[in-house]
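Both complexes below contain chain A, partnered by chain B and then by chain C.
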Partner chain A sequence: MVSAPVSATRVPIWRNVRVLQWIFQLLVLLFAVLVLAWLWGNYQTNSERLNIPTDLGYLDNPAAFEITGNSMSQNAPVRTALYEGFLNTLRISVAGIIAATLLGTIVGIARLSQNWLVSKIATVYVEAVRNVPLAIFVVAGLSAIVFGVLPNIQEAWDLGFLVASNRGIAVPWFEGGTGGGLLLLGLAAAAVAWGVARWRRSVSERTGEPPRSGLFAGGAFVVAMIVGWFALGYSATLPNVDGRRTAGGIRVDPSFFALFFALVVYTASHIAEIVRGSIQSVPKGQGEAASALALSGFQRMINVILPQAFRVAIPPLGNQYLNLIKNSSLGAAIGYYDLTLVTQTTVGNGSPAIPAFALTMVIYIGISLFTSVFVNIANRRLALVER
Partner chain B sequence: MTVPVTGKSGSGAGAVTWLRRNLFRSPLDSVITIISAVIAAWVVYKTVNFIFVTGRWEIIRRNEKLLMLGRFPEVHVLRWSITAVTLAGWGGLIAGILRARQIASGSIVPDAPFSARRLGDLAARFWIPAVVVLLTLGLASSSGPWITAVLAVVAAIAGRLIGPFIGRVKLGRGANATLYTFLAVLPVALYFYVVDAVGFDDWGGFTLNLFLAVVSIILCFPLGVMLALGRRSKLPLVQLVSTAYVELVRGAPLFVLLLLANVALQFFIPASLAPSKATRSIVVFTLFTAAYMAEIVRGGLQSVPTGQSEAAKALGLSPARQTGLVVLPQALRNVIPAQIGQLISLFKDTSLAGIAMGLFDVLNVASAIPAQGDFRGQGLIGETLAFTALLFWAVSYTMSRESQRLEKRLGVGTR
Partner chain C sequence: MRTLLLRAVLLFFIGVFAISCTSDGDGESAVTDDTDDSADDATDDGSDDATDDSSDDSSDDDSTDDSGDTTADDSAEPTDDGGDDGDDEGDDDVTEVQSGDSKLAAVQSAGVVRCGTRDALPAFAVLTEDGDHVGFDADFCRVIAAAVLGDAEAVEFVDLETADRFTALQSDEVDVLVRNTTWTAGRDGGEGATFLQPNFYDGQGMMVASDSEFGAIEDLDDGAIICVAQGTTTEGNAASEAARLGLDWEIRGFEDVPLLQEAFVAGQCDGWSSDSSQLAGIRSDFPDGPDALTIFEGVFSKEPLAPAVADGDTEWAQVVNWAVSAPIIAEELGIDSSNVDSFADTDDVNIQRFLGLEIEGDEETAVLDPGLGLPTDFGAQVVSQVGNYAEIFDEHLGSIGLERGVNALWNEGGIMYAPPYR
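== the complex of A and B ==
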């Protein structure tokens, strides 16, 4: 077959697909830019009209408020307050993620338990909690549990090492220890931990026992830190009731406690479903093989099924962690000074609203991106290598 | 029905076997069973005790209108009743038409209308919301809600019975379009009917939560689909714009966005357009949910085999038609359950609007009424929060159960 001669006339420009595509793209971009420019223009004119600054100069103004449970002075700049709020967001997020993962994993395993009662309890927990807004748990955590269940400071539950009242829960904490000394101590403890890990590995190579170097190194680090702490002359205090407040130790603010409770209970119900799904995705033969090797039920779960389940679970778990971090902003509703409440308060004290909220948003997006990068790395390292 | 009955003498032994197999498998298992039985009994006791003994539900009884409708003026509440009854009839009508059309097209096998199986099925599906509705009615202080509820049930049944007659008739194109337009316009007309009497800003209570969720999920849909298509587009600029939007919005907390909209929207939008608080929250919910919707739809687009768009291309369809007529319908069908999941999550998130913007939604009412003169200082917030949680729970739980049922019927993941 002879191909027809290619016609010399070119495709007219208004029918050339590539040209049309570029025109379309430019229109989309133009539209996006126009919308942004319109918003930005309105913002500029309105700010000028109301004489509100649009830069980040407010960061140097005095914050003029105190953060409960923090020594920050009223004259500290907004910058410092924001940093403290950021730390508080990190605190609640890290504590919440760890606790929610533990509780969620337990509940997820319990839902698949052969024990009828255990699996029913887990099911009721998940179905009851998942379908109720987090905001209700947050409000209930503060008003019904902290103020409803915990006693007044006058009749606080004083267990010696723990003082619980509606002013918060106080636990023993370390005192003293500053910059340089602390850093040296940390380095020394890390060196001890490293030595212990090496020793475990050599033992493992000689005897064939499992090395468990992470466990041993972690334990050695903690022990070295504590021993070094007191060897350097620092101290620790127990909490006790002192009039209308607690002295000594460290007091966990009621709002932290309420927010922690709400975030953990709520997120755990979602994590439980993820864990259940990923355990079910592990081929049945794996569990049967583990039983055939005479592993106990616990060993089978910990050594065979869970490691494979978590491989599947990591991406959705990462999503839940991101949700938990973002949901921690609800602490603002009950007076937990996280990033959101600090921003809200500084805006109330006269900081310009848009730069302040924009900065907060950027920080949250930064935390989210950082977390998802972290999750992606974990996912890549744990994923099965397929052809 | 004849079910083979196992020997009666064996039932006792069966129970023992069952117990041994499910509760007392090993010594450790027995210990766990006993511990969890104690905990469960304690929780059940506390709950029952709270509901029937210690709970003082007078506060709910007295404030039920506030919880349900907010500060909606008493004179105009009738408009909500008429709306509710009409919507019930509308829902029944649509269900009837759809079912008749499905039977006509042969996609489902008709069944006797009042068979015990179907009634039992209905009861299993809807007993939870029915109980909650009855409970709410039981707490009502006037006869209005009762009359509304009875009329709504009557309207729903009537619509469901009339629907099949309309559905069975072969309609021409024009008539069909008229029918669909009528069905689509009716809720909008009802909205204007209510808003005509009382401005949107004075709506409140649980109705506001429902309304915010439904309106935002509908409004976010076109934007979400566009963003999903944009993100999968081969055109780099379009992809860049969509991806940037989706990732930025998903990285920010909804609560902070609502706070921002509360204080800052007036800077971005000229004063003449500056919307009221309730409208602002709809804008935020829509823009926020669109990003999540985009990800859901993108998942659906990925689940459609490439062969489908290739086949459409081979038939000579233009790219727009390939997407609009072949790929997108399949993609959207595949993600209906995920979309319902998003609706549930949005519905729960509407409670944030009350906290962030001071809207008088149900949670805000529930935290405010324990401070009323008659109830101050009695610590009744447990009761009001429990009632609010029950409302949210009943709606969300029913929706998620229905979505699971739909998932099974659509056969997602099995074909």
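== the complex of A and C ==
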């Protein structure tokens, strides 16, 4: 069979689809660039007309406000206030991520429990909380919990190691330790823990019993820290009520507490669903095989099911972490001085709005990208390698 | 078929481009224009964008029209723009239409003054259930409308949060900001605002619960929590006062008054610091009754509350300034809303000038028109439709127990002093 001759004429440019597609894309790009240039020119001209600065010089102006729970003076420059706000965002984000993951995992596993009551409670919790906007939880955290439940400072609940009132929750805190000393102590205790883990592993190889090196190492770390702490002469203080303050210990800001409560409850409900879905994605045969090997329920979860489930859960978990970081900006509604509220306050006090918010956006992008890097690393390491 | 579609889409985009680039753009590439033109064009742009949406200008509909397209077209037509937009504004019935590139012209053609205010501060600006804004600041919005447009109800109240108020002014969402805002140098400069005749001289005070153990401000000793509203001069002043008195207060900021009030009622705050007038207003409206709160005597800062307009339009600033001064001048001259009509035959030249009555000269009669752009009878309109300063003050602030104090007229022991209208 003779094949048809290949056409030797070239397609003219104005009909060549590939050329046209390129031209089209370049034109769209040009259009986008021109729109951006127009917006920028508009912004510059109008700012000049109103004498509003468009650079980052406002960072050196005095802040003219104080951050609750912080010793920053009101004459500190705006960049210090922004830095403190950034640290506050990090604090609530780290605390929130850890607590939400723990609570979410527990609730997610509970939802799959054989115990009817436990699974129903978990279901109700997840379904109810997931469908309520977070902003409501945040404001309810302040209005209902901090103002409604927690008492006045005069009638504070004094549990000895904890003092709770609507001015904050005071917990015991160490005293006397400097940053450097603490770090050295921590390193020493970590070395001890590592040594103990190695010892347990060698025992396990010799005798065959489960090493439980994590448990032993963790216990050794805590014991070493405590022993070293008191050996070095540091001490801890318990909080108690003193007039309108609490003396001793450290006081958790009520706004932090309200925001923490709201973020953890909300994000945990989402994480519970992710964990549940990831556990259910593990083939049923795995669980049955684990039972056949006489592994206890806990061992089955920790050693067989969760490691496989975790692989599936990491991308959506990373998503929830990023959501939590960004949702922490809702603290602005209840007076928690995170980065967003600090920016809003400085703009209200005279900083130019566009540079201030642009800088804040860049910082949030940085935080999110940083978190994504870690999530992606975990993802890559745990991913199944296809042959 | 596919190439045909591709070509059609291409042509469409090229067409959009062409139209946007060659439109009667009001060039604000300040680079090539000389300073006068750039100022005109820039202010033109602001008013144009604001009012074109409301008035039906089909020729300027293209959203990329008023653009800073840095093409040569724009710099070639600076003078065209003025006339062009004058036609676009189009309302020739108002006798005081200025050349078409001013905020005054924009407001007159829009027929409404957009006044930035708030919705939940008792005595100053409260949004009632009927949808009316009632209060001292709200009445001053009406004063401006009565002066500029002859109709005190030609006001569009724009409720603004504290954090947004200057951004709204800068981006021309409001024509004037009457929102008990303190006149400070930082706001004059960095916020691009021009402050006008203060309508209330205030100071920052401290309020506590009556049944607390605090008798004076010094009793708020270390550890006291002072609640303030965020993003105002209050925060900095409270911190400065704490430093001055050598006390260690914890300053806690809240986004808005209702949340602050909740915190105060729950006992989280020992003291509430704000402008004394605000404290009086809040106290009058307190759910447990005004006697549950005590405002300490004495103020620890200067807070001149004044209306503000955006920088760059001196004509509009002067118009608003004289509008706001009108109630003060009226009180000086003894004119109030009940007797304004009785002055039609007066011989007092000052009253004749203020009310826009005819003044007998040697050979002819004339009505004073200082050339501000306001109607000649703006004083009469303001007083008859809203009232003089004493009436406005008594209705809103006197009723909650505030004394005239430093806000009395200059010849009655206070410092309310308006320039002479002549």
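Quick note on the criterion: the second predicted complex is superposed on the first by the 315 of 387 C-alpha atoms of A that agree within 3 Å, B and C clash if a C-alpha of one lies under 4 Å from a C-alpha of the other, contacts with A are read in each partner's own complex, and residues count from 1 in each chain.
Quick note on the criterion: a residue touches a chain if its C-beta (ideal position, glycine included) is under 8 Å from a C-beta of that chain, and two chains touch if they have at least 3 such contacts.
Source: prediction; values computed, not measured.
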{"item": "Touching partner for A:M361 - first (chain B), second (chain C), both, neither", "value": "first"}
{"item": "Which superposed partner A:S329 touches (first chain B, second chain C, both, neither)", "value": "first"}
{"item": "Which superposed partner A:L369 touches (first chain B, second chain C, both, neither)", "value": "first"}
{"item": "First, second, both or neither for A:I23, with chain B first and chain C second", "value": "second"}
{"item": "Chain B versus chain C as contact partner of A:F65, first or second or both or neither", "value": "second"}
{"item": "Touched partner set for A:S351, first chain B, second chain C, both or neither", "value": "second"}
{"item": "Which of chain B and chain C A:I136 touches, first, second, both or neither", "value": "first"}
{"item": "Which superposed partner A:A231 touches (first chain B, second chain C, both, neither)", "value": "neither"}
{"item": "Chain B versus chain C as contact partner of A:N152, first or second or both or neither", "value": "second"}
{"item": "Common ground on chain A, meaning residues reached by chain C in one complex and by chain B in the other", "value": "21, 24, 28, 42, 46-47, 143, 147-148, 332-333, 344, 347, 353"}
{"item": "Chain A-facing residues of chain C, complex", "value": "2-3, 6-7, 9-10, 13-14, 17, 28-30, 38-39, 42-43, 45-46, 64, 67-70, 162-163, 166-167, 170-171, 186-187, 189-192, 222-225, 230-233, 235-236, 239-240, 250-255, 259, 262-263, 265-268, 270, 310-312"}
{"item": "Contact footprint of chain B on chain A as seen in their complex", "value": "21, 24-26, 28-29, 32, 39, 42-43, 46-47, 114-118, 121, 127-128, 130-136, 139-140, 143-144, 147-148, 326-327, 329-330, 332-333, 340, 343-344, 347, 353-354, 357, 360-361, 364-365, 368-369"}
{"item": "In the complex with chain C, residue positions of chain A that touch it", "value": "15, 17, 20-21, 23-24, 27-28, 31, 35, 37-38, 41-42, 45-53, 58, 61, 64-66, 68-69, 73-74, 142-143, 146-148, 152-154, 166-167, 243-245, 254, 332-335, 337, 341, 344-345, 347-353"}
{"item": "Residues of chain B touching chain A in the complex", "value": "22-23, 25, 29, 32-33, 36-37, 39-40, 230, 235-238, 241, 248, 250-257, 259-260, 263-264, 266-270, 344, 348-349, 351-352, 354-355, 363, 367, 379, 381-382, 385, 388-389, 392-393, 396-397, 400"}
